[in-house]
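Before I ask anything, here is the structure I am working with.
Chain naming follows the written order as A, B, C, D, E, F, G, H, I and J, and within any one chain the residues start at number 1.
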Amino acid sequence: MEFLVRFETALPDSLSEEQVADLLVRERARATELRGSGVLKRLWRIPGRRGVVGLWEAADATELHDALSSLPQFPWMDVRIEPLATHPQEQ
Amino acid sequence: MEFLVRFETALPDSLSEEQVADLLVRERARATELRGSGVLKRLWRIPGRRGVVGLWEAADATELHDALSSLPQFPWMDVRIEPLATHPQEQ
Amino acid sequence: MEFLVRFETALPDSLSEEQVADLLVRERARATELRGSGVLKRLWRIPGRRGVVGLWEAADATELHDALSSLPQFPWMDVRIEPLATHPQEQ
Amino acid sequence: MEFLVRFETALPDSLSEEQVADLLVRERARATELRGSGVLKRLWRIPGRRGVVGLWEAADATELHDALSSLPQFPWMDVRIEPLATHPQEQ
Amino acid sequence: MEFLVRFETALPDSLSEEQVADLLVRERARATELRGSGVLKRLWRIPGRRGVVGLWEAADATELHDALSSLPQFPWMDVRIEPLATHPQEQ
Amino acid sequence: MEFLVRFETALPDSLSEEQVADLLVRERARATELRGSGVLKRLWRIPGRRGVVGLWEAADATELHDALSSLPQFPWMDVRIEPLATHPQEQ
Amino acid sequence: MEFLVRFETALPDSLSEEQVADLLVRERARATELRGSGVLKRLWRIPGRRGVVGLWEAADATELHDALSSLPQFPWMDVRIEPLATHPQEQ
Amino acid sequence: MEFLVRFETALPDSLSEEQVADLLVRERARATELRGSGVLKRLWRIPGRRGVVGLWEAADATELHDALSSLPQFPWMDVRIEPLATHPQEQ
Amino acid sequence: MEFLVRFETALPDSLSEEQVADLLVRERARATELRGSGVLKRLWRIPGRRGVVGLWEAADATELHDALSSLPQFPWMDVRIEPLATHPQEQ
Amino acid sequence: MEFLVRFETALPDSLSEEQVADLLVRERARATELRGSGVLKRLWRIPGRRGVVGLWEAADATELHDALSSLPQFPWMDVRIEPLATHPQEQ
């Protein structure tokens, strides 16, 4: 099942530059893993914003939540999910 | 996978009283079938409104759409869906 | 009487890790009590978010408020309540 | 349990003047009954609008829905309900 | 003239426990005075929230503002006011 | 007491040209009366729209409602009211 | 350049069944052409609704508008467009 | 003074094809006049919609309203206006 | 040209009591000047809130912005502006 | 392709006066460059606010994002983008 997932990330000022740099490295690594396993299928930038919209695939909403919450920046992400149904023309 | 599904139904004035009565009978029959098959698990009335909120279970959003669109009143239903993830305390 | 109750919890940064851990333990204990007494009937995670939606039962809104405000994290919970009426098909 | 209930009524143009006059008479009669039984406790006009806000009392949301849907104009009423909890200072 | 007044209060973290306790005592005392003078007629808790909705009576919006701003917690209250007109059935 | 009152008027297509012309004449006459009695103090056009915003004065919301509902076009007006309090600098 | 495009279609009751059937045939044919030319890349159903969300590619907003307005049902479509920027991880 | 003006036009079904065609011809003629006089400076299409956004210049909101209401389709236009101030970098 | 201008002011906690007192004195002085020059014509309090709505007159939006930004509290004001057109009945 | 771009900038209190002054100088310099290269075509102030709306031109949303994120204040800008299509009357 596919989902449109959009989120913006707001890291707190209390994090040091090293912590932020470390988070970004680990975030990218985890995102790469999720791409490799087919959970994260496409990712776009929302122009002008520090936010993304992506096409994700998971068995259900629980598996999707587990994938999203495995991202190191999850505690600071504001996430909105939209479930998608298959269109007859796509089958 | 469970979903919260809420909808309000607005039948057009152009339907005759017989057509409306027939629709209600067929709607109830189909709803009963969906309860029997475990797709429609709970149904509540939104107080003061001609709307309902229900707890539905389906393999994914496509199967849920098929169940909803099998309701005879579907052409006149305004439906909003919210995907639910399993809470750890419920496992 | 049943209610749909959804809330997100935002613990302040000023709490220490011990305070947060203690809060979570006490929150889970109180939630378990509310389940045992039949006040908290179902709980779902809102996928992608630090929020939940639940099905609660209480005699009225006052009793529901007392149950919710008995949760240790209540001071930091943003709660929205929706009253539910019994649907004729459920009787 | 008390509820704040607000609604606006939009009678369709297809009703004749007699039908509208009859509806108003029956609406007022039913409202008077609901006042007599203590279900409808206060009623205010929303200034400038064809809408009202009222203070209602019912055992629960189901009983409130039954009272509201007993009003002859219910099919054309757009109703919003807000549950109220008792304030400690009122006890 | 009656008004529906709803507000939520958010005391800042910078207040000490003594300051908060003192504020609550003085708030309750002032609310009692306003009840005694007939300005504050009813008060309800919004279930699940740190907010209230109340029925107030004042000569006009200026007198209502003076009453509200006489509450010790007014600097931290987010207030919304709705003017009410007398309903013909109430006269 | 002063109020900001804004409304847009949507006359139904079912009115004949004569009915519309008659309504406009009577509307203007009634508005002139309300200006003469000091109820309607200022009137502005919302640029680009068939709507107006006005400054009205009435003893309370009930008297304001009576003035507004005395306008011949009132059945087709969508009215929003904002109560105003006297600013200390204006006294 | 890619766009997320979502729309709901509301055909008026004044269309005959033949006109609707003809529209659907021509809509599907045109959609197939747009897929063939790479303008329409993916299409999903919004579950529970008569609406779709799709991934479109066009040189710019003008070319996208031309593609959308070439759909036979365009006069009755309510369309919302969201421009997408390439995410660095996708390059 | 410049304004951003956006509007969507919804011609009623009751207009004949000739009336619509005549309206479009007169609309375009009037728009051309407004361009010639420097009132309408730029016009864009909102992609996917039957709406436009434009840059207009007028002495004030009254003159802008007069220009907009001189358009033959004005009775069916839903217009929103945003006043613009000169940016220091543009002087 | 007249404008309806509403704003709420939120002074930061980091200002000392002296700074706040000084700001209020200077704010009142500048407001008095703007009244004297006919830019600020009327001012009302929004009941229950730390906000005002006012009737301002300026040649255009740029001159209005200059007047507003000349207020000492401008850096902490959240301002919303609504342009007004002259109503034919007022001429 | 043209875009309407609006943003408000909220610099954090943690920046020193020198840092703010330096940011403003660099922001103006970069904006001048973007004007010179034809990316930033027009800029207006939103009256009463610390925000601007501008007309930008870029090959696509990705190039627009790159231009916006090249502004020194980008980390503190809240940006909203609206894609524009060419209007037939402008060709």
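The rule is short, and it goes like this: a contact is a pair of C-beta atoms (placed from the backbone, for glycine too) under 8 Å apart; a residue touches a chain by one contact, two chains touch by 3 or more.
All values derive from a computational prediction rather than experimental measurement.
Asker: Give the chains in contact with both chain C and chain H, ordered by label.
Answerer: none
Asker: Suppose chain centres are the mean of their C-alpha atoms. Which chain sits farthest from chain C?
Answerer: It is H.
Asker: Centroid from C-alpha atoms only, then distance chain A to chain I, rounded to Å. What do you get?
Answerer: Computed value for the inter-centroid distance: 43 Å.
Asker: Counting in whole Å, what is the centre-to-centre distance of chain A and chain F, each centre being its mean C-alpha position?
Answerer: The mean C-alpha positions of chain A and chain F differ by 51 Å.
Asker: Would you mind pulling out the distance in Å between where the CA atoms of chain G average out and where those of chain J do?
Answerer: Measuring from centre to centre gives 30 Å for this pair.
Asker: Which chain E residues reach two or more other chains?
Answerer: Residue numbers touching two or more other chains: 45, 47, 61-62, 64-65, 81, 83-86.
Asker: Considering every pair of chains, which are in touch?
Answerer: Taking the chains two at a time, the touching pairs are A-B, A-C, A-G, A-J, B-C, B-D, B-G, C-D, C-E, D-E, D-F, E-F, E-I, F-H, F-I, G-H, G-J, H-I, H-J, I-J.
Asker: For chain D, which residues count as touching chain C in their complex?
Answerer: 1, 3, 60-62, 64-65, 81, 83-86
Asker: In the complex of these two chains, what residues of chain I are touching chain F?
Answerer: Residues 2, 4, 28, 31-32, 35, 42-47, 52-53, 82-90 of chain I touch chain F in their complex.
Asker: Spell out the residues on chain D that touch chain F in their complex, using ranges where they run on.
Answerer: 13, 45, 47-49
Asker: Please give the residue numbers of chain I that touch chain J in the complex, ascending.
Answerer: 5, 7, 12, 14, 61-62, 64-65, 68, 79-81
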